[in-house]
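By written order: A, B, C, D, E and F. Residues from 1 in each chain.
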């Protein structure tokens, strides 16, 4: 019999992790969400992004990955049954605790891999900054919607990549086809009201719009996304596009990991989180 | 193609969850840990317990399960590389947020399934009480080491069921044999110093000892469990015993779920966690 | 005139405490509760346990005791007039602050003496762990219901030792008879519903049951304990049994204190709590 | 035998408290401190003030008193062995929890009785305001150093009433002479440096000084009060003065209680603290 | 063109601050409030006090001033439109963060200048103590109502100096006459009910009263100050008195600053607030 | 004499605010920062942006503005003397408290105007979401670097608009020329290292880059911006460009305000922050 040798830390034993730390110092932390993605894909799409990207990039670069975090900051998605959300300070605390645990063991560079696009970003950016300042470790934050938005915009149909739309459904058709039912895929609303984009970081063109930030309440989100809960056109999705999209995001994530591999950082070992 | 119809919430779509809530109101929340279990089993043993017990009991009773929480309260395990821990207040907050999300949707009875034995209990009991008092929902806490300790004590060798010992290794041999390497299994120390048991809730006989509580520091735990990190005798493990142990714990958990199914509770719907 | 020389810290002057610290490093911290114990005993029974056990064990072992903490975690007892409760995080914080104060002065070993049985345990165990990890000091937690449950089960009537029942009333008849009115003592309900014990740490036999944790709400507790608020049979109580019970608990607590007296611990002096 | 009928809540049973609430709605909460008061009096002087004043005023006005809180906000006193301190937010939380418990039961007017003079005031004033705004209950704060400072200044020697000085020692000689050793009483330093009083609320004349607030660190306090820890002249103390001082403070506290007795307040019942 | 060389830090550039720190180590932090002051003066009166006093004293003593904090602890003032309040713990946290920032740069002595009289004091005193204990820096707290209450009582009419009354209106007539409309100035109520002063630190005679603390709710405050919101007689105000009042407070503040200039303090540099 | 009638709330009296609320329900909250902007402009540039944009847009649209908040989230700027920072949770709490105060009075739509570009965004977005969900009020977040980035990119030199560069210096030359010394203006570094932009929301082209988030530590930021602290070319700045830039940002902010004016929102009045 043989214990797993990675990249998932929870499938390894402690001696294998000890050995890894003798020559490397990078860990990935996948963070997803549990929230509806229409009638045709399951609530785990965002966690799926985080798992698939982290696992793919880790295999390409021979680094380790912590177990995935399945719940993010998704309060507006509670408009639909089943969605789970953490308070933002809980998500920040959870990531700080996990990062401090890793740094205590000798990890010095942590890449947070966010599968929930910009919804999770504020509490995750705060966590990353807290850990950087308190320990000196390098902590960066990859967002699956932003790290390869150029490539994704070329592969999928611009304007149809909203929540549960072309790119997300394509990804799921490639990664977990058994959890997709394309007979239920529809074209959702394409958002947009008022003179400015209200999500400050667009995942697809136009990238050059003037932006402000208005996070919708559950009531507003429910109304705006009714009746299915998605944005963009899910019927355009194919497994082939999903494969290309995932590869692009994994590739760019791997480029970042390789970019920081040789970086010298001076770490102050934190206390065990208690 | 067909979306999954349970028991895992994150593998379902929101309409299936909506339909479930029209006739049922129970959810299970599996909580594990990421901590070493010797040289022969991976860090995910405790999460494995929570996953396998929750999934098994849910299938027997037709209830739903949230995605698993992989990190618990394990500060003493940071003596060994790879272990992750949350601060206890983070674990409490995470569970409160998840439970409030569920109750917001209409779930009225939540069973927390703890795979990390008594290490996780204090912050989990606090979370359960907070949710009970603030919402009126029913929240109970199953511990895989306590809900069938009579049966486990009959199946495995009493005195050898410590951390990573007979029962835990047997479970893994049954549930994920590909993650076990029995050639590395050893007999660990059997703890015990001073005139009283220092863990107040024994998982195996003698159950009638006088007890007090002393939670070890990482230094103490590292010394006491050196060199492999386990307690009890892992070499006694077999997949057959693991199957019986899991079945007993699942059965008792299912008994509890069925016991609360008809219970009437009056719930005050919480606000969306924010 | 003569200042008191112990064991109560608040009845001593600072020079006497300074002198004590030149040769010893142990302090006891009694923690009780203010909650009803039926019509025949006062709300201070749990604080009484903590005071009497701490004082008795301290006199046997020549160690010091902090002033008693009168309020614990008793939310379900607010079903009855007069009960006070702290939030669990308040109780944790209070104990952390007191322990850090003690350790700042040079105390290295602290025994928390809990008189409120398992109700107080989760926040107290968290406090003990936090202090242990942050300072290195030794902190243990004695529960008056668990440290001598074998002896108490022999002295009093098994099955009648619930809240305000045989053993608690006997204790009060011995310790503060002027606060007991046996003409109002009754036999209360003996709890129990569903296939498992719902309190994971039994104080009396059967000790070997399968257990889970369900903390009752105030409404549930009020219903279950109506009309008097007690469990077990208070009419069986005698001062003689109370004396024997207290002696057993004191003796075992003293054994623990003597057991840790020579223990070497390396303490990192905390900052003054601020 | 007869249960106590007050004023101490913890010495009563729940039916007596229920009966009290049928005709009255006032409770006193005594808050002290555990901090040195020189070589001649014990660390409980401030808790003693709170106990004696609350008990005395309660007996005069037939109201109830919660058990005393022995630890306040005393960080500077950790300059001397044995002193305990809470963080200010812990003290605030403890009082909020206790007040909410009382108001849950039907108490509508709470008088916090502070025995630690102005050291405890900031966190206590915050607690009182929080409870007032969140529940509508009436909460006032009596300070034993301020409620009768005119009378105390006439009874004792002005300029000699500092920490552990004339008035505090006199009080202890009257209240607990067995805990005072006048052979060790000395005259301490009379503070004062810089052009302004640094304690903004003088307990004795001159009352009309210009004031600012500088709370000393433990180092500063230790230096300023060396070698004994007291301010003012303890050798002037007599039990007779102590009796007069206590009577004046009790009388004024009772006047305040009677003043609020008929006050109409509209209370929003809080949730049980959890 | 020329950058400002003080005293306002936010109007300087970093090199000027660097140069200042090479020879000095004092900073002032003005803290005000946004709350009504009757029909004739604007909501910024308290911030105006803090700004004018800090600026004046800084110019006299050549020290620097941080930008003003416009919101304090004013919950009772929400009885009138426009008032803003922080929770007390927010105000404490804000000041701790600002002080730690200053001390990180090398400031060693900080004078908090409070323009909101005793309303702001509890959270400000807690902030000052926390910073003192954690860093060793010197932090004092000047209150514009207390640092020159003798002089103000001589300049203005005793008994008419309440909220928005003689002294506050006079100050505004001197400092920002364009924001005062004396045609709307009236004589307000002069408070006072019950046998004791309910504000423990009187700003004007009688200073020698017996006091207790009762912070009014918004409802109570609204009723007590109706219909205009002020206390004291605003019609007595003149710009001449305002000039004298401001000069007295500035002078005394400057005396304090000069008094601490040569003080030696040993500072432990804090981490950057994160 | 005449009281101010807006737009600054703190320069008005409560009756004027009451009258405003009888016909309008919008308030702006300007939030800046205190951090270095090179040798040629003062530390208040970001607060200046917030003040000037809020005031300008408020005058165009006849809405009110709260007093400015001078301190934001700027931990990396502590590399240079004088910078102040709040912890992110303090900034979130401060904004929540201010927004709840406003909504308590009847304001229903709040526009947070951020002058510190993306540094402040995470804690501000969290505050906005918390207030939206808990009260139902509309809260949006304008960032002066994002609301008119198209126009600013046309007015100033692309690639030279970093921290303290062309656009920021131009703004200050227009708004507060007396606080600018162009003889000290220099060309700073233009950032950039690694294959991705590390600030996820570019204020100037290229807008279409792939992005990730890495918030620099103070050490990193100090090194990267040495020796002056700026990015972009400040020597290109002119007051004329500053006027155009400010007008564009004000105009777009006013467009947003007018866009939400008629929006119907249903508000649950919050409790007074306490």
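In this section, a contact is a pair of C-beta atoms (placed from the backbone, for glycine too) under 8 Å apart; a residue touches a chain by one contact, two chains touch by 3 or more.
Note that the structure is predicted; figures quoted are calculated from it, not measured.
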item	value
Chain F and chain B - chains in contact with each	A, D
Chains touching both chain C and chain F, listed by label	A, B, D, E
Angle of the C-alpha superposing rotation, chain A to chain B, to the nearest 5 degrees	180
Interface residue overlap between copies chain A and chain F, same or different (over half shared)	same
Centroid spacing, where centroids are CA-atom means, of chain B and chain C in whole angstrom	28
Interchain centroid distance [CA atoms averaged], chain A/chain E, Å	47
In chain B, residues with contacts to at least two other chains	75, 88-89, 129-130, 133, 218, 272, 274
Pairs of chains, among all present, that meet the touch criterion	A-B, A-C, A-E, A-F, B-C, B-D, B-F, C-D, C-E, D-E, D-F, E-F
Residue numbers on chain C that touch chain D, as the complex places them	1-4, 9-15, 17-18, 21, 34, 36-44, 47, 66-71, 75, 78, 80-90, 93-94, 97-98, 101-102, 104-106, 177-183, 218, 229, 272-274
Chain A-facing residues of chain C, complex	129-130, 133-134
Interface residues, chain A side, partner chain F - complex	75, 88-89, 121-123, 125-126, 128-130, 132-133, 136, 138-143, 146-151, 194-196, 198, 200-201, 205, 207-215, 217-218, 252, 255-256, 259-260
Complex contact set, residues of chain A against chain C	271-272, 274
